[in-house]
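In the two complexes that follow, chain A is the common piece, with chain B as its partner first and chain C second.
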Partner chain A sequence: MRLLAHNLMCSHVRGVKNGYPLGLAATEVRFLDEVAEKAIAEQMAEDSDASDGEYGLPEYNDDVMANIWPKVVYSVLHQAASALGHAEGLPPPKVAVSPSMGVDAATVASSSNPDLASLTEQERKTIYRILFYLDVVEGSLTCPESGRVFPIVKSIPNMLLDEDEV
Partner chain B sequence: MSDAAVAPPCSSELQRFLVKFADSHPAFCAPEFLSVAKVLGIECAIEVDGQPVKDAYSFSQPSPFIYVYLPNEAAARAIARRSILVRAILREWASATSYEELLDQIRNDPPGDMVDFPAGKTFAMRVEGYHQRLSIEYQREMINRIGECCPPAVYERGRVNLRSPDVTWCLIEEYISRGPLQRVYFGTRVAEGIRVTDHLLDRFRLNRRSYLGTTAMDPELAFLMANMACSAPGRVVLDPFVGTGSLLLSVAALVPGVQVLGTDIDPRTVRGLGRPVAGSRPGTNALTNFQEIGLAHSVDLVLCDASRSPWRLPGFTGQSTARLAGFVDAIIADPPYGVRESAQQLTQRLRPRSCAEPNDERYILKTNYPPEQVYADLVDFAALHLPVGGRLVYWLAVITEFFTPEDVPRHPAMNLVALCPQSFSRWTRFLVVMEKTREPAFDAGSTTAAGGPLPLACSLAPG
Partner chain C sequence: MSRPEFIAPPEVFYNNVEARKYTFNSRMLNIQTEMTERALELLNLPEDQVSLILDVGCGSGLSGETVADAGHIWVGFDISKDMLEVAQDRDTDGDLALADAGQGAFYRPGVFDGVISISAIQWLCNADKKHHRPERRMQRFFTTLYTSLKRGARAVLQFYPSDATQVERLTAAAMKAGFTGGVVVDYPNSSKRKKFYMCLFAGTADAQVPAGLRDDGTPQTVDAGDITFRRGAHRRIRSSDRPTKGSREWIMAKKELYRRRGVEVVNDSKYSGRRRRRL
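The block that comes next holds the complex of A and B.
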């Protein structure tokens, strides 16, 4: 599970009102750009005729960043990266995540995010890498209200609910 | 469906091009072309009965040759790079039902790029048959006949180069299933489609994948869905019935930078724990196919019930008054309609013996999820999660004999854009394309084919 997915999910256990963001813990993480690099190297070794990069390495892209930025809650991303020990190089969020935030959609989704233009290119690239490439292989998501734990196994979170939870 | 509104004649800046489509899915050609133009921000109209129509989503004709109106050649090239059904786009100079007529046209009104052919440039002439194989001798004869009518500038100033010519003229003969010659077209090739230049369908053949399921989508149709959904870099495309991920794989492969999210209720399919399907490599799962082509950084898969998904709702964070914008730009789906894969819903606890992941104890499968409810829930989900203008693209399966247009789900906030049929012997499936027109009113439930209100939107509405 990438941190993008963590940013977009909330607890859906019946009766839960404060289900966002989900608590994140991990016992194994990896960077998917490194995985891709390895896969391409293997492919090249296997097939010497392969044109160099039918699929190139993933690259930072300003358009992708501009499109995804309003969908992401940066304070939540920063908090999740910190929980995994990978917040280094990330600019600090304008607002910390707290349960008492009384703000509207625009404020939380985009206005409270740092303005992309105000960030350095290096900062944007770091955010991009954390958002799209940092993958939780083994770990868990925890509902902040009910404490229900959802396991993440082999990069796929199991968000199936029990009969009494729906 | 609203009838294709005849737009006022296009602005005079638009130029007329001839598009040669693949003949695999004629009903899908015009809607796909318009969708690709839309996502690329290109003004576009399709010629219907001699008139340019900007909204010709329901237009279908038996011939794979369609005229379109575009701003310029760069626009044509951009669309050819994205469309899966385009084979080539040409600037037409002449077309007729017989060679004599065609040659007269070329003689009387020679192609502009032949008259002013620049010195030192190279050219090639191609002769193609549609639904007819043409012998080399025949092709050569036709090239000679055209050559006799060409302005002399071409041969005086230009050189022939068959490998990488600066200009390619095409002569295309159209036949209908081995009948007599229907029409012959002559024009300059402006662009070739990505299926021709990149061998896209061969590269994404299902049998090249390590992980396969019984209902994996044909790659050509999956690419079509990606385009109908207006997928774009940085946009989020969601598949609530992801299965082995064949739809999302095509989206991610066609559109670099798009973010794809998939959910499924069946852990055996997603995790690859069930009985392996013939052709699947052991130890693989739905993520393997993405990893193998270097696209693991574009996808997330989540196990959940499509009707009880954990996605953050627009306007909902859980923080009592905090509201968030939506994030789903498009939804694509091949819902389980019970022909090859049964629909399931969360009602009882069930733990298949094959699911022996130690850390992953919960496996619950829903049973008896009627198809009409699957479709209704899907449309409701889309009305709630999509932004205005966002698209829902899905397959609707019906028994051909009993189908009526009322069987297509409707929703007051969702407009039906296109309905493209693919017929099988006793059943038909439609590719349904819907576009959100406004935020849903939570007090008014949507209506299904049966006319009953759908409860889902109301129960999920933010307070």
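The block that comes next holds the complex of A and C.
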């Protein structure tokens, strides 16, 4: 699960009003751009005809960032990256979210995000990398209101509810 | 036609073996790609913009890949762990979650620019577990879907109804959840090609349901106000732009698509697309 997905997801346990943001914990994370680079290097070693452009992930792109930025709650992204120990290089958020306190998903907004134009290109690239390439392989998501834990196994969060939670 | 939903619950039917068979079948890839392209056309997304799309019942990512090819970012969920694992092995671009549509979507309000679902929601009509109440599950699905869509955005859900009552039940649940819109039927006279798409609008009362396609691929009704067939939106998938079926160009395009998606195809040669000489 990448941090973009974490930023979008809410708890859907019955009766929960403030299911956002989900608490994030991890025992294993990876950067997908590093995984891809390694795979490319291996491919190139095996196959001398392969060209660099055939494999790999899309490059950073300001337009994609501008389109996705209004969907992101930056304070939550920053907090999630901190929880994983990867907040380095990220600009500070304008408002902080307390990790233990759920906020009403309908009222949190990206309106308190820093203006993209006010950030350096390096900062934008770092945010992009954290959003799209930082992947939680093993870990968990916790509903801030009910405390229900959703396990993340092999990068896939298990959001299935029990019969009495629907 | 055999109907998987009459055989077993989805998470049982799409086991490891079936998930792979499904994904690496080139006929399946063609059909899912074509339906997803049509669903994208019906979504009528703003041009020159990267949209955020939810794929319900994303499976092994065949539908999602078509969304990514169109330049959009997608996230998806599916109830079959094995389908999701195949998606992961194939390095799909979308972010995946294991979840049941009948338990509702789990995203912040208003985040999605569009929702698609390809060949999945007919399963909601069944009671696969003793405690399943299909009407409740449908209601929960559509209500939470409505919330997660941006106002004015659309959900286009292709499905295989087993009879007319399924169309009615799903439509009734969608309308109760606040959606407007209806069902688009393409190729209504061909039992094989006939396809149903629920085309739902979140928060636009006056939007008109787009016309279905006739057997020759032209819209059934063309009225001046029809917004769906505006030129230019998704030009590359219009039939007039496609190479003729069976031509060398067409074969090359198909082979390229398979290669990109990890299906093995024979190497190209000067004989590709030529008629074989009979002995």
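To be clear about the criterion, the second predicted complex is superposed on the first by the 150 of 166 C-alpha atoms of A that agree within 3 Å, B and C clash if a C-alpha of one lies under 4 Å from a C-alpha of the other, contacts with A are read in each partner's own complex, and residues count from 1 in each chain.
Criterion: a contact is a pair of C-beta atoms (placed from the backbone, for glycine too) under 8 Å apart; a residue touches a chain by one contact, two chains touch by 3 or more.
What you are looking at is a predicted structure, and each value in this text was computed from that prediction instead of being measured.
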Partner chain in contact with A:Arg2 - chain B first, chain C second, else both or neither: both
Residue contacts with chain A in the superposition, chain B compared against chain C: B
Touched partner set for A:Glu138, first chain B, second chain C, both or neither: first
Contacts of A:Asn67 with chain B and chain C, given as first, second, both or neither: both
First, second, both or neither for A:Ile40, with chain B first and chain C second: first
Touching partner for A:Ser155 - first (chain B), second (chain C), both, neither: both
Touching partner for A:Tyr20 - first (chain B), second (chain C), both, neither: both
Chain B and chain C footprints on chain A, overlapping residues: 1-2, 4-5, 8-12, 19-20, 63-64, 67-68, 71, 73, 105-106, 108, 154-161, 163, 166
Contact footprint of chain C on chain A as seen in their complex: 1-2, 4-5, 8-12, 19-20, 63-64, 67-68, 71, 73, 105-106, 108, 154-161, 163, 166
Contact set on chain C toward chain A in their complex: 49-52, 73, 75, 77, 79, 81, 84-85, 88, 95-100, 103-109, 111, 129, 131, 140, 144
Chain B partner contacts - residues on chain A that touch it in the complex: 1-2, 4-5, 8-12, 16-20, 32-33, 35-36, 39-40, 54-58, 61, 63-68, 70-73, 99-106, 108-110, 132-133, 135, 138, 144-145, 151, 153-163, 166
Complex contact set, residues of chain B against chain A: 203, 232-236, 256-257, 259, 261, 263, 265, 267, 270-271, 285, 287, 291-298, 300-305, 308-327, 346-349, 357, 359-364
